[in-house]
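What follows is a group of structures, each given as structure tokens.
The following pair of complexes shares a single chain, subunit A, combined with subunit B in the former and subunit C in the latter.
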Partner chain A sequence: MNINFLAGTLILALTGAFLPVINRIFRISGVLGAIISSVGYILAGFLIMLSGNGRKLLSSFFVTDSVTQLIGMLILVASWMTMLVVYWITQRDKFINELVAALLISTAGALLLISSTNFVSLIIAMELMTMPTYLMVLFSFDEKSMEAGVKYFFNGALAIGTMLFGVSLLYAITGSFNFEILAKELFRDPLVALAAIFILAGFGFKLTAFPFHFWGPDVYDGTCPGVAALLTGISKSAAFIALMRVVYEALPAISSNLTFIFALLAAITMTVGNLLALAQKRVSRILAYSSVAHAGYTLIAFAALAVPVSVTGILYHSVAYVFMKTAAFLCFAVFLYLWGARTMDDYKGLGKREPLLAALFLIFLLSLAGVPPMAGFISKVFVFTSAVNAGMTWLALVGLLNSAFSVAYYIWIAKQMYLEEPTIEKPLNNPSDKNFILIPLAVMAVFLIVLGIWVNPVVDASAAFISKIGF
Partner chain B sequence: MVLLSMILLPILAAPFAWLGEKVNKDIPKYLSLTVGFFLALCTAYLIAKYPGSGFAFEELYKIYPPFDFNLHLAVDGISLTLLAITAFLAITVTLSSWNIEKPGAYFFLVLAFLGPMVGVFASLNLLWFFIFWEFTLVPMFFHIGIWGAENRIYAAMKFFIYTHLASVFLLLGIIVLFLNAHTFDFMNLLGIKLDPGIAKLIWILMFIGFAVKMPVVPFHTWLPDAHVQAPSPISVFLAGLLLKMGAYGLLRWEIFMLPQVSKFFAPLMAFIAVLTIFYAGFRALAEDHIKRMVAYSSINHMGFVLLGLSAITAAGISAALYEMVGHALIISILFMIAGYIHHKTHTWYISELGGLMKKIPGLMTMFVIGVLAAVGLPGTAGFVGELTVMVAAFDYYGWIMVIVPLASALGAGFFMWMLQRAIFGPLREAFKELKTLKELPAVENIPLAMYIAAFILVGIVPSMVFNLYNPVVNAFAQLFK
Partner chain C sequence: MLLEADVHAYLFLSFSLFAVGVYGLLSRKSVIRMLFSIEMIINAANLNFVIFSAQRNLDGQIFTFFTIGLAALEAAVGLAIVIVFYKRFGEVIPSKIRNLRW
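Moving on to the complex of A and B:
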């Protein structure tokens, strides 16, 4: 691991660790807390940018390659914007600094997770990413968030337990946790396949893939939406990248066995996610089930792991996903804060009340639906290209039809916002600095549009990864 | 730079229309008109400088060459014809929408629609073609949904979901094509050798996407709803440009690119075309809703376009292109006036109309001229289009095409019957005192006069259109041998 990358991660985690302490001593205001955290983010981002050169350490646990740098940078930006929005919508809460501290530490965990090349570091990083979110889910302290918190905790524990069992099986066979050694030592064997299934099941919980998706919508709906943005967008994207490393770096021996499992899971996950999303009345649950569906689209690329372009598909979809899903939940959070809008009926006419915010929300929704020129479109092109290239045209067709039907509920939200007359008369909160909140969301929209046209950074990173694992 | 600026300028100008409304309500429409004239000037410049055959004004913006994700713009005579329609309709639609409500958002969407529309006709990269193609849906959705008639939300949702579903098949076709040809560029795709089975799969997948947009029976059901609910100027965009995208895509990306496969499927296309012509004709005959009737007549005319394309010969293609020009000009005026009739009489139904000629002779005279052109009166674009299509189809398919002139008679039938019931005859009692029933203001008459002038000019001097693209079509026709 590059020393600069490690330093960046540490700065982020330490900023998170000391923010509540500073708050206890000096009683800082919300704005000051946001500024301190932003400094942490900027420093971390600067160091990650420098991580191309410098001393290496812990190289059997972590790696800093093109994928780490790119996704790390993008996760950092998404997390920063999430932090700003969360600060803004909960600034009057006395535990806001604790919440943001947890967010920073969780992001540091995500940065470590995407660079892990060893099952020990992978599990530690995943726990570092997940532990703070157990607290964050409980943040609104009402009955629903308690339920969500308990559900999330037990599912998370179960996930890590299954994953550890799978890893221990692999250790029993090879005596190593290192991906490189595993890739060399492993062979086609029922026991290896069993271990792989346990590991995949553990990841399945994190990705809300069928049949482990039940907790997702309940938790995303029960907790406060800023936290849901972190869980669906950033944590899931990092988990995609970690799974990519496991599948391509550690388990190439049984990759042909995995193809069918992934294909089946992908087809069921996206269909279930889209069908259930169509049936929802609450916008947060629609977004939650759409995140299940998007896990399915990524699994399509995993199913095509025999061809190099699948790496591009996974990477691009993670990149697009981290921005569009996080930002969509943040838009929901802001609408909830300003207008108390939860259900589809509440969303009627919000486009007239908040034209710019609704326009941004529309961009994210269209990107989720896969309408060009947003990144969500080109990522879907890569995903489906990989499926067709791997000879699974049926899977690509299932995915494309799913994507076409999913447009129905995304455009339904747009319809409620723009084409209907408002139902809510008075705003819940009407802060004076209302336009400030548009900036972080606009930054994410710009990233989405730029990455939707300028494909080079992501494709170059994936090309480097492809040549590294040697297709 | 000319083509890129034609795409980017409308898109970049769009936010200013929105912002400008806050300063002065007149800014958006003048901005839109300026952009329309800019497009017209650019197109005139391109036509004047066009060397006569082949592609010209090539612009290549490399984005990611290994994946062939490059913005490759160039135009030939065919694209130029369609760009000319785009610019012409940009001006007329802006004039027709002069007194629209919420002008800021409206012209924002008009401009956001025009940029990608130029891109569709000028892109030689299939992926970029698809990006532009798909993006045109978004402004159209809001146009129908916000400014439409009473059932607008249903129509907008149906339009978006239906056409997006079709685009998915087009996208799958594009992906399969890329994986077999390893390029998105038209220049490299031209004359590519593919496995016959794969080529047929690609052709079918892409054809579904184009056929829904055109639209042809049985994929047409989105169109009557969208047309009826859309505000009249947007119906003009739908009929004049959006439907042309389908026909253009079919021509450029299927017939030119996969000529042998297209030849294989030509009888299928011809069958669908004849089916469309007759089905839409009979539906129009039975229709009491005046705008829906015009919508079905539009489908009927697109059937002629497909029939021309299905005769995979230079004559057929050039006839289809001419019919596209004629259709864009003629159907626009019919949609506009159908909308005005509803606006003035508050009814859509032919059975409730009657004797309008006595009250508003000016507008109704223009309507009659438009209807006569649609029927195929000699001296108008409708006549030349239908005649050349029929001759080409007859030439290619033989005697079986003798049924098509019958459809032309059907068209004359439903239009004339409509005129007799709605426009002529005694004036209805209810209309005698109606205050709203009066002639249009001048600014709304200008576009109508422009349509009439254009289709008569093109009808009398068809060579001005044919000469633009005939060398190109003839060059491509070598591929069909």
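Moving on to the complex of A and C:
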């Protein structure tokens, strides 16, 4: 691991650790807290940009390759924008600094998770990413968020336990935790397959893949939407990258056995997600089930792991996903704060009330649906190309059908916003600095459009990763 | 052959512990008992690490220390959630409160 990358992660975590302390001593205002954490983010981003050169340390635990730098930078930007929106929405709450501190520490865990090449560091980083979110889910302290918190905690703990058990079986066979040594020493064996299934089940909880997707919508619906943005966008995207490292770097020995499992899971996950999303009335549940469906799309690329383009598909979909899902939930959060809009009926006519915000929300929804200028389109192109190249045309067809289905509910939200007459007369809150909140969301929209047109950074990073694992 | 013969007894033990933990997590109603089950699952993995560390190298025992710390963290956060839950609802059985459906 590069020393600059480690320093950036540490600065992020330390900012998070000291923000509540500073608040206790000096009683800082919301704006000052946002400025302090922004300084932490900028320093961390600067150091991550510098992480191409410098000394290396802990090289058997973490690696700083092009994938780490690119995804780390994008996760950092998405987390920063989430922080700004969360500060703006909940600035009157007494515990806002604690919430943002947990967000910073969780982001630091995500940065470590995408760079880990050892099962020890992978599990520790995953816990560092998950632990603060257990407490963040409880933030609004109402009955729904408590139930969501209990549900999320036990599912997350079961996931970690399952993953640990799988890792212990791999250790039993090889006597090592390092991905490189595991890749050399593993062979096709039922015990290896069992261990891989345990590890995949642990990841499946994190990604809300099919048999383990039940907790996802409940938790994303029950908690406050700023936290749901972190859970769906940033931590799921980081878990995708970690799963990519595990599958490609540690378990190539049994990858041919995993193909069918991934294909089946992908097909069922996206179908279930899209069908259940169509049946929902609440916008937060629609977004939650669409996040289940998007986990299915990424699993298509995992199923095609025999061809090199699948790496590009996974990376591109994670990159697009971290922006579009986070931003969609943040838009929902802002609408909830300003107008108290929860259900489809509340969204009627919001396009006339908040033209700019509704336009941004439309951009994110279209990107989730996969409409050309946005990154959501090009990522789906790469994902389906990899499935066709790997000889699984049926999977690509299922994905295309699902993609077409999913347009229905995204367009339905857009129709409610633009074509219906408004039902809510008065805004719930009407702060004077309303236009400020458009800046973070607009930054995310710009990232989404630029990544949809300028494909080189992600393709270059995936080419470097492909040559590293030696296809 | 990878595994020595007597290892199978230990493997049987750790697999049983894991299975009991998962069963307990899925079937018990009380949050405290569910926390016990989480501990059992993590300790099943710990048992595996220590057993195979005796045959392979010291890495497994070192990782066990990390895992014990992790289990303690898990218990601390879990109990914090349980306390908040109890203060709010006056009981520790989540299935009696059903605002969210699966």
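In this text, the second predicted complex is superposed on the first by the 471 of 471 C-alpha atoms of A that agree within 3 Å, B and C clash if a C-alpha of one lies under 4 Å from a C-alpha of the other, contacts with A are read in each partner's own complex, and residues count from 1 in each chain.
Rule of thumb we're sticking to: contacts are C-beta pairs under 8 Å (C-beta built on N, C-alpha and C of every residue); 3 or more make two chains touch, one makes a residue touch a chain.
These numbers come from a predicted model, not from an experiment.
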| item | value |
| --- | --- |
| Touched partner set for A:Met49, first subunit B, second subunit C, both or neither | neither |
| Touched partner set for A:Leu264, first subunit B, second subunit C, both or neither | neither |
| Touched partner set for A:Leu438, first subunit B, second subunit C, both or neither | neither |
| First, second, both or neither for A:Glu127, with subunit B first and subunit C second | second |
| Contacts of A:Ala396 with subunit B and subunit C, given as first, second, both or neither | first |
| Which superposed partner A:Lys415 touches (first subunit B, second subunit C, both, neither) | first |
| Complex interface listing, subunit A residues touching subunit B | 366, 369, 371-373, 377, 381, 384-385, 388-389, 393, 396-397, 400-401, 403-405, 407-408, 411-412, 414-415, 418-420, 453-456, 459, 463 |
| Residue numbers on subunit C that touch subunit A, as the complex places them | 2-3, 7, 11, 14, 18, 21-22, 25, 31, 34, 38, 41-42, 44-46, 48-49, 51-52, 55-57, 59-60, 63, 66-67, 70, 73-74, 77-78, 80-81, 84-85, 88-89, 94, 97-102 |
| Residues of subunit A that touch subunit C when the two form their complex | 120, 123-124, 127, 131, 134-135, 138, 141, 143-144, 146-151, 153-154, 157-158, 160-162, 164-165, 167-169, 171-173, 175-177, 214, 218, 221-222 |
| Footprint of subunit A on subunit B - complex, ascending | 63-64, 66-67, 69, 127, 130-132, 134-135, 137-138, 141-142, 145-146, 152-153, 156-157, 160-161, 164-165, 167-169, 171-172, 175-176, 178-179 |
